[in-house]
């Protein structure tokens, strides 16, 4: 039997809190998704004014980061089609659910991925900043 | 110009709070979704132990209730194929996103639908009970 | 943090072995899927001659049983549209991925669902028989 | 009447064995799919720790390789948008099921494609290495 560690609801809320705080600093209402280690949604908040398409994209960023165990922005650079690494095209997999736009990060505890966060409604850099703030809130409170 | 009333994030959290309180009474960890008047997700919580398929079904219940402006359980009885009302089959619309299983309710303010709640992981009756508790929390606090 | 128990590969192979043995007794080549506790595929075997549509259906049965924590045949009876339990219509949820045809069973260890098995290519009763044989192989070897 | 040669279950298991052996050498738990000459799944193994998104991507790589009768990495370079071969865009076909990321190879016997293997969870080069090891195991044992 495998023993798996998974974010609980309180931890997920803490992560969203951190991302919301950063979004308020930026003045951009965000959609924020937190998933478990298998990519399934645990918690979601669309801040007042968050964009409709970001409901899905934030979930897909969180899914991709948790499953691939790396930031979605790392995929983004590796997928530039001139690179000869055979990775271009991953962004259309799973009906486009694989999201390579910056703003998704894995949540790591004791070296294991226990979940993921995805943020969407700003620029990729702004989304990534909020996702990182979510990760930092987790690390500060639980690691 | 149309003026639309739409749930905000604090109201959505209040609604989820009401549903969570009821779910804890029942001892059943639920997935709870709140959508706006257009059916787009505002807030979501998967209580620790909530079922994976309920992530989507709770969203679909909330979407259906907000968009159709009635409880999903009302659809259910009307869809029984012996009824001669030509409604049978609505449950496969939108790729199955129209959900006719009990547990989705519209959120109404001043006679207008301003959002919806969908609950899933228990029986339809238990899900409906938690959805109603969410509606009641809204009514108690804001109406 | 939540601590989750999940089937490993050797356990999944044991479960498939039990189902294959029963399928050979019945003389029906089956498609057999084993998923983890989150419904994601771990192992799959299409016995020589297994049906093509069963590739997907066996996966969906395993997913449904693991996520709903009960046999798909239990859903089947509860979904008969004359029943006034508001459950009719669940079978079209998730784009039809919720499978209510007999042949899916959860895998339980120490009272917790750790995975699921789904079998397809025969009648629902035959599929269920093979799924049960898979569960029995797990119980006999690991519980 | 057409006479079709198709991988059987024992051959599929041999192919997976070869890929697993290579994955263990690399220290990367992989998802490995084997399909028949029509692209339909015969056998699948998610090694303990294999990634969730790779469940689908490995199947799509195997499907693409068997159907297109060439390695998915060959598609990858041909799809780079600067190439004037009108192939760019094939990666979004079939809802993204056409996978042009390296790691899918056809299985060939007597000059005919009899199936395909798809591997996912590492880099495209690592995935391709494991897929090749699966092909080699087949060739060594059956050709």
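Note that the chains take the letters A, B, C and D in the order they are written out, and that residue 1 is the start of every chain.
Methods note: contacts are C-beta pairs under 8 Å (C-beta built on N, C-alpha and C of every residue); 3 or more make two chains touch, one makes a residue touch a chain.
Note that the structure is a prediction, hence the values are computed from the model and not measured.
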Field rot_deg for pair subunit A/subunit D, CA superposition, rounded to the nearest 5 degrees, holds 90
Since subunit B and subunit C are copies that touch, is their contact same (over half of the numbers shared) or different (under half)? different
Length of the line joining the C-alpha centres of subunit B and subunit C, rounded to whole Å: 29
What is the distance, in whole Å, between the centres of subunit C and subunit D, each centre taken as the mean of its C-alpha atoms? 26
Find every residue in subunit D that makes contact with two or more other chains and list them. 48, 52
Could you classify the connectivity of these chains, where an edge means two chains touch, as line, ring, star, complete or other? other
Mind pulling up the subunit D residues that touch subunit A in the complex? 48, 51-54, 56-57, 60, 72-73, 75-77, 79-82, 91-92, 95-96, 99-103, 123-125, 128
Mind listing the subunit A positions that touch subunit B in their complex? 8-9, 38, 40-48, 52, 55
Could you list, by residue number, the parts of subunit A that touch subunit D in their complex? 2, 38-39, 63-64, 66-69, 81-82, 84-90, 92-98
Where on subunit A is subunit C touching in the complex? 1-8, 11, 36, 38, 40, 109, 114, 142
